[in-house]
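Here it is: the structure, laid out below.
Each chain gets a letter, A, B, C, D and E, in the order it is written, and its residues are counted from 1.
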Amino acid sequence: MDISKIRINKAKRKKHRKPGMPPGTLVHVGEKKVEKVRIRVMDYDDSGLSENELDSIEDTFPYRDKSSVTWINIDGLHVVDNIQKIGSHFEIHPLVLEDILNTGHRPKMEDNEDYIYIVLKMLYYQPDNNNLEVEQISIILGENYVITFQEREGDVFNPVRERIRTGKIRTLKRKSDYLAYALVDAVVDNYFLILERMGESIEDLEEELLQDPGQRTLKQIYSLKNKMLLIRKSIWPLREAISALERGDSPLIRESTHIYLNDVYDHTIQVIDTMETYRDMVSGMLDTYLSIVSNRMNEIMKVLTIIATIFIPLTFIAGIYGMNFQYMPELKSHYGYFAVWTVMIAIAVVMVLFFKRKKWL
Amino acid sequence: MDISKIRINKAKRKKHRKPGMPPGTLVHVGEKKVEKVRIRVMDYDDSGLSENELDSIEDTFPYRDKSSVTWINIDGLHVVDNIQKIGSHFEIHPLVLEDILNTGHRPKMEDNEDYIYIVLKMLYYQPDNNNLEVEQISIILGENYVITFQEREGDVFNPVRERIRTGKIRTLKRKSDYLAYALVDAVVDNYFLILERMGESIEDLEEELLQDPGQRTLKQIYSLKNKMLLIRKSIWPLREAISALERGDSPLIRESTHIYLNDVYDHTIQVIDTMETYRDMVSGMLDTYLSIVSNRMNEIMKVLTIIATIFIPLTFIAGIYGMNFQYMPELKSHYGYFAVWTVMIAIAVVMVLFFKRKKWL
Amino acid sequence: MDISKIRINKAKRKKHRKPGMPPGTLVHVGEKKVEKVRIRVMDYDDSGLSENELDSIEDTFPYRDKSSVTWINIDGLHVVDNIQKIGSHFEIHPLVLEDILNTGHRPKMEDNEDYIYIVLKMLYYQPDNNNLEVEQISIILGENYVITFQEREGDVFNPVRERIRTGKIRTLKRKSDYLAYALVDAVVDNYFLILERMGESIEDLEEELLQDPGQRTLKQIYSLKNKMLLIRKSIWPLREAISALERGDSPLIRESTHIYLNDVYDHTIQVIDTMETYRDMVSGMLDTYLSIVSNRMNEIMKVLTIIATIFIPLTFIAGIYGMNFQYMPELKSHYGYFAVWTVMIAIAVVMVLFFKRKKWL
Amino acid sequence: MDISKIRINKAKRKKHRKPGMPPGTLVHVGEKKVEKVRIRVMDYDDSGLSENELDSIEDTFPYRDKSSVTWINIDGLHVVDNIQKIGSHFEIHPLVLEDILNTGHRPKMEDNEDYIYIVLKMLYYQPDNNNLEVEQISIILGENYVITFQEREGDVFNPVRERIRTGKIRTLKRKSDYLAYALVDAVVDNYFLILERMGESIEDLEEELLQDPGQRTLKQIYSLKNKMLLIRKSIWPLREAISALERGDSPLIRESTHIYLNDVYDHTIQVIDTMETYRDMVSGMLDTYLSIVSNRMNEIMKVLTIIATIFIPLTFIAGIYGMNFQYMPELKSHYGYFAVWTVMIAIAVVMVLFFKRKKWL
Amino acid sequence: MDISKIRINKAKRKKHRKPGMPPGTLVHVGEKKVEKVRIRVMDYDDSGLSENELDSIEDTFPYRDKSSVTWINIDGLHVVDNIQKIGSHFEIHPLVLEDILNTGHRPKMEDNEDYIYIVLKMLYYQPDNNNLEVEQISIILGENYVITFQEREGDVFNPVRERIRTGKIRTLKRKSDYLAYALVDAVVDNYFLILERMGESIEDLEEELLQDPGQRTLKQIYSLKNKMLLIRKSIWPLREAISALERGDSPLIRESTHIYLNDVYDHTIQVIDTMETYRDMVSGMLDTYLSIVSNRMNEIMKVLTIIATIFIPLTFIAGIYGMNFQYMPELKSHYGYFAVWTVMIAIAVVMVLFFKRKKWL
C-alpha cells in the first residue's frame, strides 16, 4: 500500500480516447497486457466436448454455424486485425468492435438482435504491491456461440471451464445463454473476494486507527478511499446492465435462464450494498482519525501548559532574587532562602489544585 | 463496548462466498453457531395442535401434503444434507436452497409460484460484551406449510409458538400465510427492542459527551456509527421485500392477510425512520465532540498564553538586573529594587487589563 | 435550553413497543399524560348545535347513526377499555385501535372504506423549560362523525370549537369531511408557530454566535439540531399522508373539500420547506462556530508567539551576562551595559518589523 | 455586508401565520411596505391603449367583461378590503385571496378553471445596506384580464409597460396569457441580475479569501450562505410551477404561448443551475477558509517552535553558569566564557540543521 | 494555476442577460472573441464536395433548397445582423436565434419540427495560463443542411472536415443527421481530452499532497474544485439532451443514425462517470490535506513540548542557585555544583522515559 503504486496507473489512463477519429475505427485503447494473443475454443453439446487452442483467428470461423455451443475465448486485444476479422465474420457492428477495443468503457448490456453484447469489469488484487487492477471483459452472446475478449489471460473463468469439462453445463437444456450467465456469475463471484480483501484491510486499518494512528494510517485511509471509488465505478453500472438482461425480451435468453440471471442480479445488489457500507465505514474512519489526532494534541497541550504554567512563575521568582541590586532587604534575611522555597512550593500546590479542579490534570 | 469485540466478526466475515462453484451447489457459508441441529414441528388446524421434536429430516416429509397448517422450524444450517433432502422433497429450487445456506444474504422476497421465499435478518444484542449479532432467517411459505431456517436456536419466535398453543392463531380463516406474517412481525417487533437499546446508548453517550468527553467517548461514537451501518444494511432492504409481499398477487397470500402485511410494512417504515433519526444524531454527536474538544483546547491555550505573556517580560527584567556588568547605575540606587517591582507590577496590571478587554480572560 | 431537559424524554422512549404480542392486542404504549379521561361531544347540523361532556364511553354510541355531524373528542388514552368499546361499536379494525394506542406512530392516512384513519403529531413548545413535546392525535373520519383521540387535553382544537359554536362550520354543505379537514388544518397551522419559535431561537443563537460564541452556544446549536430532527420526523411523513387524502377517491371526501385539502397540502409543503431551510441554517452555524473558534485561537496564538519570540532571545542575552565567569571582557567595559541594551532594542525592533511584514501583527 | 442587517428580517418573520382562523379569512400576513395603495390599469387591443391610475377599487370592475386585454396592477396589500372586493367581483376563491395576502407563500401555480393563479417571489438587492429583500407577487390570469398584486411599487414590470406602450405586445394574437408570460419572464430575468450580484460578491470574497482571510471574511461567507438559502427557497419551487403551467391543458393558455413558456422554463433551469453552482462554490470557500486558517497557524507555530527550541537550551546553559556555587571549576578557567559561547553556537547550528532536514524551516 | 486567472472570467460573467427586453430580441450576450466573422460552407453528396469561404451571409441562402448535404459554419456571433438574416431565411424561430446569441445557455436539444436545435458547450484548456474556457456551440439540423454557430474559430471540428474531404462521410446513406451526430461526437470526444488533463492535474496534486503539501497545494485543490464545478455545469445537462435526441421520433433523425446516437450517449455517460469520480477524488484530497496539515502540526507541537518540558524545570533549578541570598547552605558545599548536575540529569532522564512511555517520542 505504497504511494508509488498509485502512479502506475498514470501511463494507462493516458491515450484514453482517440478524438477526431470516425466512429467505428478500430484502435486498441489501453495497455498491451500480454505478449501473445491466445485463442481457445470449447465446443460442446450433449454428446461431448472438444477443446482446442487455435493458431489463427480464421480457425474460429467454422464454429459460427455449428449447432453445438461454442465458447471462443480471446486473451489479448492489441492485435486489432483479429478483432476486425472475427467481427466481420460474425457480423458484429463496428461500433461494438470499437467498444471491445476501448478498455475504458463502463459496464453495459446491448441487445443487437442477432447477438447480445455485455461489457464487464474484472478486478484483480495484486498481493505483491497491494494494488487493484481493472480489466475489461467483453462478452458476445450469439445463437449458439459465446465469444469473450479479455485483455490478458486470467484465471477467473477456469472454474467455468472445469464445469464444462466435468459435464455439469453440457446438458441439452443449457445453451449459449447459460454459458454467458456462468461467465458473468464468475466475474460477480470474484467481486466478493475483492470485497473480502477490502473488508480485511478496513479491519486492520480500524485496529491501527484505534491503537496507534499516524501519518501512515492517513495515507492508507486515503488509498482505500480511492480504491473504493474505483470499485464503485466498475460495479455500480453492472446492476443496470444485468437488470436489463433479465428484463429484456431477447429470444437469445431462454425462459429457464431467467431465474439464474435473477440470482446473479441479487448477488450484484449484495456486492453494491456491501461496498456502500464499506465506503461509509472508510468515511467514518477519516473523521475518527481527525478526532483522534486532535484529541492527542489536546493531551500534549495540556502537559505543556501545566509544566509551563507551574514553572514560569517560579523561575520569575528565582530571577528576582538573582538581581544584583545593592539594596535588597530580603537577601540579607537569614531565612530568606527558605521563605522563598516555601512561597514557591505554595504557588505550585495552588496551581496543581486549580488544574485538578478544571479537570485538566 | 470494548474495541476488542469488533474483531470478533473477523473470522465470520471470511469465507463469505465460494467463487467458481456452479450455481445451486449447496455449501454452508457462515459460522457454525450450534452443535446439534434441532427440528421442531407444530401442526394445527381448528380441531387441535400437535407439537413434536423430530430426530431426522425425513420425518418432516409427511407434513407436506397434510391439509392442516404445519410449521417446520430448523435451527442450525451446517448439516447441508438436511437442507438438500427437505429441499428436494418440498420441491424448492436449488438456487433458493443455496441462498438459505449463504448467511450473507440481504433481506428479500421471492415469489416462486408454488412457494414464497423470504429472507430476514435477526439482530441480537449481546448484553455481556455489548455486541450486535446478525442472524439470517429464511422462511419458505407453501400452500399449507411454513418452513423456517435459523442459524441457531433463538427465542424470537417463542411468542408466536405461545399464541399457537393458546389457540389464538388456530382458527379456520388463518392459514399458513398468516403464520408467515406472524413470524415476520415477530422479527420486526424485535427491531424496536434493538433500536430502544441504541436509543439508550445514544442518550448515555450524549450525556457523557456534554459532561466530560474523552478518548473513550470518541471510540464509542465510532462503534455506535458502525453498529448503525450494520442495522441499516439489515433493515433497509426489508422495506422493499415486505412491500413486494403486500403488493404481490400470489394466491398464497389470502385477501384477509393483506391488512396485516400493511401493518407490518408500517412498522418497518417506522423502524427505518427511527434508525435514520438515530444516524443523524450520532453524526451530530461526532461533530459536537470535535467542537467540544477544540473548544476546550482553546480555553487551555488561553491560560497558557496569559501566564506566559505576563511572566516572560517580567522574567526578562529580572534577568537584566541579574547581569554582572561592573557599571550598571540602577544597581547602586537605593530605591532601584523597589522601582523594579513597581515597574513589574505595572506591566502585569496593564497586560491583565488588555486581556480583559480582548475577552480572553 | 438546559441539557438536563433532554433526559426527560428518556423514560418516555422506553416501552416503545410490546414485542411478541399478537397484532390487534390493545395496550397503551406511551406515557400517561392526564389523570382523567375527558369525553366531549359536539353534534351539529344546520338547525343547531348541542355540546356535551359525557361521563361514560357508552354515551357516545347513539351518535353513530345520527344524520347530523358529530365530533367526539377523547382526551387521554390510558383507559384501554374505552378505546376497545368505542372501537367495537363504531366497527373500527383492531389494528387501527392498536395504532391509536401506540403513540410512537408516524403520521399516516389509511382509507378503510367505511372510515378514514389519520395519525398526526402535535408539537408543543414548553416555554418554562424550553422543551419540545410531541403528542399523537388520531382522527377517525366516518360518514357523519369524526372521532379524535388525544393523549391529553390540548388547546389546539379550541379555535375549531369556536368556529362551530359561531356557526361558521355549521352549514348544509360542510359535512364530517370538512370538520376533519379543519382539525388537520389546525394542527398544521400550529407547526407555523413552532417554526417561528425555532426561527427566533436561530436568530438569537446567530447573534450570540457572531458576537461571543462559547461552550453554551455549542450546546444550544446541538440541542437545536436535535429538535429539528424531532420536528422533521413528525412533519415529513405528513406530506405524503395529506397528499394521499387529497388524491384518494374515498366517497367520504366530498368534491368540495378537495380545494381545502389542497390548501392544507400547500401549507404542509411550506412548513417542510421552512424547516429544511432552518436545518441548513443550523448546520451552517455549526461550521461557522468551529471556524470562529479556530480563528480566535489563531489570534491568541499570534500574541503568544510574538511575545515569546521577542523576549526569549532577549532573556537569553541577559542570562549570558548573568554568568559568573571570572574572565568575561564585556563585563568590565564601561559601556557594556548600554551596549547590551542597544543590542536588545535592535533585536526587538527587527523582530517587530519582521512580524509586521508577515502580517502577523 | 454588515451583520446588523440580518436582524432586520426579524420583525418580518414574526406573525407569519394566523393559526386558528378559519380558512379563507382575509388577513394581511406580512409587513406594510407602502403607505398608499396604488391601482394602475392598462387596457389595450389592436386599436389602441388606455392607461389609467384609479382612485377606488370599484373602478376596476367594468374591465372584467371588456373584450380587450386589461392589466390591473395593485401595489400594496395592507388594505384587505380592496382584495376582498376585487376578489368577489372577479369571482376568485377565498382561499386564493388568502394566499395573495399571506406573503410567506412559496411559488406555485394553481389552475382554477376560470382563472390561473400564480405566486412568484421577487428579489430585491438593496445596494445601500447590502441586503436581500423578498417580495411576493401574485398574478391572476383570466380570460381577458391579468391582475397583479405587489407588496409595494417595484420597477420590475416597467419594461413590460414600455413594451405595451410601444405596441410590441398589442397585436391581435397576443392575449392575456402572453401578458402573464411577459410578467413572469420579467421576474425570472431579474433573477439573473441578482445572481450576477451574487457572482460578483463570490469573486470579491474569493480574492479576499486567497489574499488575506480574516474574521470578516468568515462572517461574509456565512452571510452569503444564508442569502443563498433564501434565494433557493424563492426560486426552486418556481421550476415546478412554470413546468405545470407549460404542461397544463388550461384553455386560458393558447397554443402559441407554449413556446414562450418553454423559453422561460429554460431560463428558470439556468437560474437554478447557476445558483447550485454558486452554493457549491460558497461551501467550498468555507472549507478553504478553514484550511487557510489552520495552515497559517501552522506556519506561526513553526516559528514559535524554532525560536523556543533553539533558545531554551541556550538559556539553560547561561543559567547554569549564573549559579553562585562556591566551587564551580569552569568559572575559574580563563577560556570558560569562550568555551560556553562555542558550545552554544554549536547547539544552535545543529538544531537549525535538524529543522532544515525536517523541512520545518 | 495562478489565482489571477480566476479573475479573467469576471468581465465575461457580467452582462449575462438583458432583463426587460422582449423575448426574441436579438442581442449578443457574451464576449466578442474574434475580430472577423468567418463563414465556411461544405456542400457534398455522393458525386462530390464543394468547399467555400463566403464573404456575405446572403451567399448561404441558395444552399437551403439544394438536395445535397450542406454544412454552414459561422465563427463569431457579434454581428447580430448575420444571425438575423440567416435566421429569417432558414425560418428559425426568433427565440432560438436569441438562444444562439446568448452564450450563457446550458446544453439542450429542441425539436422544432422543421429543424432540431442543439446547444453544446465546448471546453478549451489554455496551456499557457492553465485556464479553462467555455465556448457555446449551437447546431441547427435541417432536412438537408446543418448550420453551426461558434463564438470563435476552433479546431475541434477539423477532424470532421477531414473525414468529409476524404469521403468517409460522403455516402448516399449518410445525410445531414449523420453530420450533426459527427459534430456532437467531436465535442464529446474532446471532453475526454479535458478530463485526461484533469486526471493528470489530480495525479500531480496527489503526489504533491502526499509528499509536501503547502499553501500552494491548497490553492490548487481549490482551483481544481471550481474547474470541476464548471465542467459539471457544462456536461451534465448534455446527457439529457442527447438522450432526448435519441429517444425522440423526429423524422429528421433517420433510423440508421440511432445506433450512433446511442454510442455518443454512452460516451457522455462515461464522461460524467469519470467526472464524478474525479470530483470525489478532489473532495477526498481536501480532507486529506487538512488531515496532513493537522498531523504535521501535531508533530511540531510534540517537539516543542518535549524540549520545553525538559528544560523549563532545569532552568528553574539553575535560577534557584543563581539567587543572591546571603544564607544558602547548598552554595557552600564543595559538591553542590556536581549534586545539582546530577539532579538535573536525573530529571531529564525521567522525563524522556515518561514521554517514551506515552509514545510522544
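Here is the rule we use: a residue touches a chain if its C-beta (ideal position, glycine included) is under 8 Å from a C-beta of that chain, and two chains touch if they have at least 3 such contacts.
The structure presented is a predicted model; accordingly, all values stated were derived computationally and were not measured.
Under the contact definition stated at the top, the chains bordering both chain A and chain C are B. Chain C and chain E have CA centres that are 42 Å apart.
Chain B and chain C have Cα centroids lying 26 Å from one another.
In chain E, the residues that touch at least two other chains are 290, 294, 297, 301, 304, 308, 312, 315, 319, 322-324, 328.
Taken as a contact graph, the chains are arranged in a single closed ring, with each chain touching exactly two others. Taken together, the chain B residues at the contact with chain C in this complex read 158-160, 162-163, 168-169, 182, 185-186, 189-190, 192-193, 195-196, 199-200, 203, 206-207, 210, 259-260, 263, 266, 269-270, 273-274, 277, 280-281, 284, 287-288, 290-292, 294-295, 297-298, 301-302, 304-305, 308-309, 312-313, 315-316, 319-320, 322-328, 359-360. Across the interface of their complex, chain C is touched by residues 3, 6-7, 10, 13-14, 16-23, 93, 95, 99, 104-106, 108, 212, 214-215, 218-219, 222, 225-226, 229-230, 232-233, 237, 286, 289-290, 293-294, 296-297, 300-301, 303-304, 307-308, 311-312, 314-315, 318-319, 321-324, 328, 330-337, 340 of chain D.
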